[in-house]
Each structure stands twice: as structure tokens, then as C-alpha cells.
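One structure, as C-alpha cells, below. Some questions next.
By written order: A, B, C, D, E, F, G, H, I and J. Residues from 1 in each chain.
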């Protein structure tokens, strides 16, 4: 069994295996029954992988199952992958949406749902592609989070 | 014509008028043909209001059209409403999604779309409510942004 | 009806009324059926007050019910009261507990509960006093939050 | 005797030994007469281990006692394990409680105890699990700290 | 009774009264039985004043006792007076001592006292003046804090 | 002659030698005629060591004098040892004293000494232990700095 | 095929090869049909290189094409090369232009183009040299970005 | 003569006068012989206005020349108008260009000009509009700064 | 006697009086026997004014001596005038000199003077103008500070 | 030819060679016709070395000229050597001078020279020693920078 690796090394090995197999995150997601965003989040150490996920990834990526279980074992130390504010332009645009529309989301959500939050834990997300009639490409990001009302005590 | 107000004062007056009319952002959006999130963003000075929007809001909220045009004229100085990282729990959860899933979104979007970003300018968003079979309430946030490939030069 | 006040002004008026009535947060909590910490959080604009809470506070504090409803209406803009890291020694000690024991809490909670978080929304807290046999006074802070497992998607 | 290790390396070795023995922090705590949170804090270099603790851990984890004494000797350099504000969602929720309820805790504690602080040094904490009638799981965190009044001088 | 003042205003009034009476902090300290540093800390809202302190200050400074009680009532919101790192050269030098000698203090204190801290709450301090044989003036700052060992749990 | 080491490595070697000799900082200070805090500051690279200091330390710690001279040669790059604000609880308490009492020290010092600062360079400090009648242990920190009046120009 | 390198290593190898070939960025740009600024941005990992760019660079710099493809494959993680605010004087001057003229650019652009932004993605830039009649040398930086109006929704 | 105004008030008055006259920055620039960006920078207190500029602006905007001279007298306190990093999306895009291309600009400029900087003081800039064949609108920003070589000493 | 003013108001009044008298800082310095930089520092609340300075300024500026004494009484709260890092280009250049040459100054000063610092308290500075043979204007800034060796203890 | 070194390594090698030759920066400066501060800045990678400088240093320090040319080739990445605000007491004092006297320098320079800056690029500096009649040692720092007026455009 290989020794413990840093998250960067684990990510590197997974990305390399994926490139050699010429598989997309979507392919991997279909192979193991997860969404492609969740698979990418597992690659970057931001999402938990179940034993079945690990076994599926090992098989699909042709990696040693024990090694992979060893690398992906434990609970993720989430949030360390992205410096905030993000310097990467793609990620910054998402950050800017929160900065610009955060108050509007809060005003609308409080009005529609009351006093609470949309959970980022009981949460899923996915990404879609749309091409409009003029041939322009659009990204669709969908987020679905459980509404949690503040407890009364 | 009343004198120039601070954004906080303008927001206060709009919120007060909306409360007195017992109108939701959704009602206002339907009245002027905009999405409720866009209307809330106008209230907080994060979105541009066209002359038609201003006239519609003045009529629906029973406010003086000239005053409203005066208050909402000019181009928004966006982004100042939310301190980053956000202290407000509801807005923080959105920020946390970017922090946790930012890399995964980038990996999936680069794979699906190539080298570029999802625009936060050629962009729209909306909020929906879903109640599942167990009676749990879920928030659905949809974002739709134009894909912009990096120019080659 | 008086005009909209800043949170600092609302807090000032509530604290003044409480001092004049010589009531503790515990007294107020008993009078309206809430915990004393929740009452203090309402005073500082960090917790939502229901119409019944407002009516009860108005009666107990001998304040105009309409004014109070007007001041406390809306959804709190939480988190702005405390500069982080806290400069106030009492609040800093709580911050230091998170800084020192945060990893240990995470390790134990992950082990006992799996991959997830303790909610700070579906959450309540209370404060107790204990005097030990040597006559030393101890503070007991209890926190109770719902366990939210990360969704699989 | 092995050479001095970094805290990350010591933590890694302890975690690895614990995993191989399939022991929980609670098991370890019982074996050496400490609370499970204290044991986890020792693992992360945030709590002092007495010679008896070290001997007990060495025995239970089947590690060389001299090595362990060497690794855990000295006084912890506390606080470096968690970046503040925390990026990890579980730890952030604890931080958010301080941010949201800090003023309320201060107001209630000053009222109940006078001018002082709850010590984070003369302090203990523990974690419990509760399942309510609807089958929901709740986390209970208890903190007990000595009340220290400000000296008069 | 005058209305609530900001800390800056209270400090201003106390300083003005002290200047008009041509009293030093030392004079005030002697008049009310407190150390001069504690008196200055009361002026800046960083230390609690007891009813006797307030009565003594009111008498010595020829201020209305009820006003003073009103202004100085409540528990101080400590720590907000100094921006950190301090820009004021005199205060910066104290900060620099912590920055340069902090590790050395920790190493010596741990060695002499074990695992714990010097309390900043069960704490007093004073300032003295010394002129050496060459006619140079020296400042002596003495700090006395209770040693608090970390609890074992 | 061994190659240049990092400060962390030099500190490690000195601490290790001191532990093997079972000497305290006080012992070392007596052996070379320096205060124990100054010796600890030399260990952490925050204080200059004279050739005599180096020779004395080499002899007392049984280290090669040339190596030690090589490691400790040059002028310290002070201030890098402590992250500010300090995360370590013991050092934080000292920082908090500056934060809370900084203005009071300035007010008293200006009053007693005029317009100037207490030097942190023409400066010495020491640490003492006191046990009071109730058996409580107290830390005494004394600081002595030259008073430097601002030049008139 | 060599193993994955860090961006710093890749930059170092490219710079070294360019120096040995005594080629300027302008030479490289002409050789592969890109602007010199784009070539430099590829060197620093801030711009995507197409397969043709990679083949051209490999040929011109006499590097192994497979190695280069391997090193430059993937989508850049942009923005990490410059610490902000920049400490480097040349880059700081550009930052200062944004700081000083940012509002003026916004005012003029909003007036000329309406509510939107100049894209930094659908964007190109170049650098020219001008010598005026007095023999002074001037730098000309040209930026060309697509105007993106905010979407109405 | 009116009393001294804050920069925000001066900007407000100038913008209001400009709106009432329905003049663009370009109109104003032509009227007083300055570039439109320079005029906008004068409005925001980021650029010096000569007596002739002030007289020209007063005449064109129908403002009292003495008032305007009084408001615009003195040397600008530049740089305070934009919070960095900028939250405003339009200004952020310019900041992002520096962040992404800063190293590439430096590499190309050093190669073309030697060791030095492009001055942001001996500097001018202008903004142009271009519509391409597909009907897309582009922004052209030109910057021209004197090259300053580092002195040899 | 007028009431206490903020530093900004005091600065404003002094600047206004100076402008009306058409006096330079050099004129004022000569009138009261101080350097022009010291006079400007007094205007901005960064330098102490003696009773003679105050009387001289009052006379030269035709201001009420008691008012001026009242405004300038007390010890300056230095350092608050400049945000760091400075946004103002002129002040930033001075900051950049410290950033770029700080290590070189330290290396040369340690070599020439030993282990210590140049005092910024026992310190004076002045500004001169030089026009070279080519007609270029140069600024000369001279700083003179007492050398303070670190104490041995 | 040796491989590329980090700046820290290059600095280390230069300092070591200088120590072995028992040469001061002043000696080196005289040997190659540069000021001692410029030589120290070259050692720390903050100043450009010409081929003649490199040849002169190689000869004086008895280093391989090709190695030195290789190590010192390229344009410095200035500003990274000093963390800001500086923690090192000697460098902090220089920073504090900018913080305290920055506004005064600006006021005097604007008055004497108009609207512009003192260049930190077309700039030289030197350090002198003075012993006054009482035997006190003083540091003299002289800075000479070209005055750059803001362009009118």
C-alpha cells in the first residue's frame, strides 16, 4: 500500500488516470452513478466518496482499489482549494454573482420561505449546456438546497 | 424634486412602499415584466432600471414617477451591498458553495465548454420552491450565463 | 408611527426600557416564553421576533406595540454585530475555543455522525451557572444543533 | 529514537495507528481516562499530554513509548490548526455561532455573572448525540469554563 | 438625565473635566483609590467603574453623579479603542514587544509554570518612572496576572 | 563547519541540547550572565548573541563553538516568529493587554513623561513568579524601556 | 515523457530555452502567429496554448513536442502569478492606474456604452514603443475588449 | 463663498449640473480642451484641474466660478475612490487584466525597454468605441506612459 | 472658547487660514522657528505643538490663540492620517522605497552601526529642491535619526 | 554552469563570499563604483546589476563570473523581500516615518513642486553616520528622486 499523499498529489493521480482513459467527468459520473460535478468535487477533495464510489472509480480508472480507498478515506477537509476572493476568472464570476445578487436572493428567499437559509449541505448542483437560436452557448447552473428555518428557542 | 438620496435611503423608501401596498417581489415583477430577483436587485441598487421599469414601479407602488426616476437614474455602483466574506448566514451559504464547489465547476465547465467563463453580465437567475414527498421544502436557484471563450491573440 | 431606526438605536431603546423596568433577560424570556439568550439576540438584531414575541415584549417593557412591531419587523441581517476576530475579551474566548478545538470537534463529530455538519440554524443554546464545592463559579454553555449529512448527488 | 517530526506528521502517525487498531476517539479516551474531544485535541497538537496520557496512548495504539513521548513532549503551540475564518463547513458553523450569538452571550453572561469572562483555559467540553422522537439526529456540545471576574486595581 | 452618549463623547467630557480641574490620572486614582492606569482605562471605556468609583469621580471632577452613572453604567465593550496593528508609535512599541518577545515569554513561562497562560483578566498593571545616574529617564511597566493552568478533561 | 541552517532548525538544535542537559533558561542565563528571557529570545532568533554569549552557550550546552558562532552570526531578522494577531493563547493574552490598555498606557505615559515613547530597543524585561497567601500563583512581567521624547525640528 | 512540473518549473524551462535561442517574445510571437504579450502569458501559465501553439513553440525553442504538450496541457489556473496589491513596481503602476482612473473609466464607459462591462475574456492587448521628438521613450498599451451589456431579466 | 464640501458632495454637484445641461464628458472635454477621461477624473477628485479648466467647467456647466475654484482648489488626494479589490464589475475587469497579464506585461516591457517602469504619472489614457463587421461593440482603452529606467547609483 | 473639533476640522481651519494669508509652510516655519515639514505635520495632527508654536501660529495666521491652544492641546494620536498601503501616489512612492530598499538599508546599517535601529522619534527630516544641469527637477529628502542599539539584558 | 537558484540561495552565497573576504558593502561599492546601498540591494535581488557590476563583484568576491552572471541575469522581481507592514524593527521605523509624515511630505512637496510625485525609480539613496558633540550616533538617510509632474491630457 502506498503512503499517504497530499490532496494535490491525489488530484494529480486521478486527473492523470482520467486523461489516459480519455474519460470525461460525465463518463465517470455515469459509471459510478454520481453527478459529474460531484465526481469533480471528489477529485479535488471537496466531497466524500463512499466505498462503492471508490470501488467504481478504481475499476473505471484502472487504479488499485486499495490504494484509492487509502487515498480517499477519511472525511474531506473542505474549502481549502479556492483562495477567496478567487483569482481564477471562471470562479470569480460565481463569487461576483454572490456579491451582486446576495441581498436580492436573501430578500426574495425570506419573502418566499420565511426566516432561514438554503442549506449548502443538504444540497446538490448540476451544470447544463444550452445553445440558443442565434448559436450562442449558455451555461445553466442549477442548485437545489433544503430550506432550513431558524429554530425558535 | 427631492434631493439625491443614499442607496440605503432609496432602498428604505422602496421597501416601505412595498410593505404598505402588501406586495411581494413576485407581484412587482409581474406588474413590470421582470423577474422577482431582478426587482429585488433594483431595490438594493444592484441592477439597472429602465425608464419603463421605473414608470411601472412608480405606478404599482404609488410613488412619484419623477422622484423615482431621479432616485434610480444613473448606472448602479454594484457590489457594495455585501461585505465579503458575507456575515449573513443565508448569503454565506451561497459563498460557501463557491468556495467548496468552485474547482469542480471549473473542471466540469472547462471540459464541457473549453477555455472560458460563464458570464455574470449576460446572465439571469431565478428562484423556485419545491416541496418533496416527505413535505420537506427545497430552494431551487437557477443561473443562466453566456459562455465566453477566451480570445486568441 | 415613528420612523425606521438603525439597529443600534433599536438596541438602545430596548436596553433602556429593560433597565428602567429592572428586568433581566431571564425575566423577559419567562414573560414571553423564550430563552434568555434568544431574547438578548432579538435585542441585538440577531434573531427573528414573532408577532407574539413582539406583543409580549411591548407589554412587558411598556413600549408601544405598533412601534415595536415596526422596529422589529423584517428578517434580521445577522452577523454584523461582532467584528471578527472579536476584540471583546468575553467574545474572544468563545472564538478561541473554535480556533483551538475546531479540528477536534470535527474529528469527533465525523467519527460519531459521519460526513456532515451541526446546524447553526436548526439550533438552540443556553447558559447556566454552577458553583462548585470550592466556591468557584463556572459557566455552562449548551449548544444543540441538528446533524445535517452532506447530500449524495 | 526517531527525529523530531512536524505536527502534521505526528497527527498522521497517530491517525494511522488509530485506524489500524480500529479504535474511536471515545475508545482511546476510555482507555486513558480522558474525554474524546481532549484526545482528538492531543492528536492535533492542541492539548497537552501528560506522561500517563502518553504511556496510555502508546500502549493502546501499540506505538513505541519513547517515540511518542519524544513527539508529544513540550508545550503545544496552540491555535495554528484552523485558518480563521474557517473554510471547513463544520468548523465554520461553530464560528458562525460566535459571530451571531456573541453579543447575546456577553449580555446574558454580564447580567448573570458581572464583569468578566468565561475562561477558555480552565475549561472543558464534550460532545453528545441525541435522536429525537421524529428520528432526527442532534449534536449536543457542552462547554464548561470558570468565570473570571476582571481584577480591580 | 442626559441621553446616552458615544464612548468618544464620554471620553471627551471626562478629559475636559479633568483638564479644567488640572488633575492628573494619578490625582484621580488617589482620590478614588484606584491605580492611575485603571482610571485612564475607565476614561477610555476599557475598564468597569463601580458605583463607588463613579461617585468618587463625579465628586472629584465636579460632574453630575447621575449623569456619570448613566454614562458609565453597563459593562465595557472592551478592545475597540486601538486599531491593530497600532498606528500610534507609543502603543506600537508595546505591540512590538509582544511580536518580538512573545515566543521567549511563552518558552520561559511554560518552563517556570507549566502548561497555561497569564490571565489578562485576573490582572493588574502599573507604570513607574526612573531616572538613572546619567540622567536618562526610563519607563517601568509592571504586569501581574494570575497563572491559569489548562484544565485536564 | 556545517552549512547554514534555517532559524527553525537552529532553534530545534538549541532546544534539543538544552533538554539533553536538563537545563532551564534560567540556568543558561546564569551560566552566561544574561536574563532568561534574553536567552529564550536568542534561541528563537529574536535577540543578538555576542561572541561571549555564543562561547558561553557552546560550553554550557556542549555544542561546537564554531558551529554555534556560524549559526548565530549576523543580525537577527526580528519579528517573524509570531503571527499577529497571535493564535497561541499565552501570547494572545499579552496582545490583548496592549489592545485593551494601550490607550490608557499612552494617556498616563504622556501625562507623566510628555510627548514621546517607551523604547522597545533600549529595553529589558523579566519574568517572576509569586504565590499569594491563598496559594494562587501569579506571573509578574516587568518591562523597562528608555523614554524617548519626540525631537523638535 | 517527463513527469508533471509546477508552473514555476515550466516557466523556468521555457525562459531558459528562449534565452539559449536568444529569441524575444516578439520573435516567438511571429514564429507561431500570436502576439508577444500572449506568448509571455503562455510562459507564465496565464493563457491557453492550442496544439498548434505548442507545436510551434516546441519547434522554435527546440524542445520535445510531447513534453511541451504534456506541460502546457489543461486549462490555465489564471491569476495566481501576481500578489495583489502588486509589490513589483512595474506591475504596481498598472494597478495604480485602475485605482486612480477606475471611476473615470466607468463613468465614461457607462456614458458611451450604457450599463455593462468591457470583457477581460473576449479581450486582447498589445504593447508598443514610441520615441517622441525630445527623444523620450513612451510605452503604449492597447486593450480591446468586447462590450457586454447586463442582461435584462 | 460656500463652505468646503466633501469630495462626494463636489462630485454630486458636478454630476447634477452635467445632467441638467445634458452634456457628456466628451462634450465637456471638448469645451475645455481636455480628454473625456481626464474630465471624469476631475469630477471624482482624481485629477488636478488648472485655473483654465475650472473657468471652462464653470462656464460650460453654468456654475459659480469662485465656488468651483474653491471646491476644486488644492491637490487631489488620489486613490481613495475605488476599494481594492474593486467590487464594481466594470472596474474589477480592469483589475483582473492586471492580475492575469501583469507578469506578461513586465516580461515584454523589460525585454523591449530594459529595467524600468511605465509611468502612471507622466501618463495619459483614452477610451474609444469600435463596432466590428458582425455588429459587436468593442471598447478600446489606450494608455501612454513615459518609460522610466531605474537609476544607477 | 469653541468646542472640541475633529482633526479633519482643525486641519481644514488651519489650511484655510494659511490660504487666506497666502503663506507657505516654509513661511510659517520661518515665522515660528520650525521646519516646514514639522509645520505641515502639526497641521495634520502628527506632531506636537509647543505653547510657543501655538502662539506663533496664531499670530502669523491671525487666529484666536486660545482657540488654537484648545484645538492643538494634548498629545497627537499619530499615524491615523495615512491608510497603509497608501493609495495616494506621492505617499505610495515613499512606501515603495521602504518595500524595495528596506532590506538593503538594514544590511548597511547593521554593518555600519551594529545591532539596533534608526529612531523615528529622536528624528528630524527636511525636503529640498534641486534643478540639475539639464533642467530636471529633483526632490531631496533628508532623514536624521538617532542610532539606538538594542539593550543587552 | 550551475543551475538556477532561488533568490534566498543567491543572497546566501553572496553574503557568505562577502563574509569570507571580510569585505563591507562599502568596500564592494568602492570596488565596482556603486553606492553601498545599491550593492546591498543587488545582494537581495532588489536592484539590477549590469554586466560590469557582475564582473566586478565576481572579481572582488572571487566568484565564478559565469555563475554570477547566470544568477544575477534577468530583471529583478522587486518588492518581495519585505513583508508589509514590516515586522523587523529597523525596517518598521522607516515604514512608520511614511505613516506619520506621509501627509506632511505630500503637503510640502505639492506646495514646492506642484501636482506630481517624487520618483522611486529615477531615484538614488545613501546612508551616512554622524557623531554629535555629546557622542551620540546619528543615522543620515538621503533620498534623491526626480520630480514627475502629472501629465495634462
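List of remarks:
The working rule: a contact is a pair of C-beta atoms (placed from the backbone, for glycine too) under 8 Å apart; a residue touches a chain by one contact, two chains touch by 3 or more.
All values derive from a computational prediction rather than experimental measurement.
More C-beta pairs in contact connect the chains of B-G than those of the other pair, out of D-F and B-G. The interface formed by A-C recurs in B-G: of the pairs listed in B-H, B-G or B-C, only this one shares over half of its residue-numbered contact pairs with it. Centre-to-centre, using mean CA coordinates, subunit H is 33 Å away from subunit J. The geometric centre of subunit C is 48 Å away from that of subunit H, both derived from CA atoms.
One simple way to say how far apart two chains are is to compare their mean CA positions; for subunit B and subunit D this gives 42 Å. Annotation for subunit D: residues touching 2 or more other chains are 37-38, 47, 78-79, 84-89, 92, 96, 99-100, 106, 110, 116-117, 119-121, 123, 125. Within the complex formed with subunit E, the residues of subunit C that make contact are 12, 16, 19, 83, 86-89, 92. Subunit C meets subunit B in the complex at residues 4, 73, 77-80, 84, 120-121. Within the complex formed with subunit C, the residues of subunit F that make contact are 85, 87, 89, 92, 96, 99-100.
Across the interface of their complex, subunit F is touched by residues 24-26, 36-38, 40-41, 43-44, 46-47, 78-79, 81-82, 84-86, 88-91, 93-113, 116-120, 123, 125, 127, 129-130, 136-147 of subunit E. Chain contact summary for the complex, subunit E toward subunit D: residues 34-35, 37-38, 47-48, 50, 75-76, 106, 110, 115-117, 119, 121-126, 148-153.
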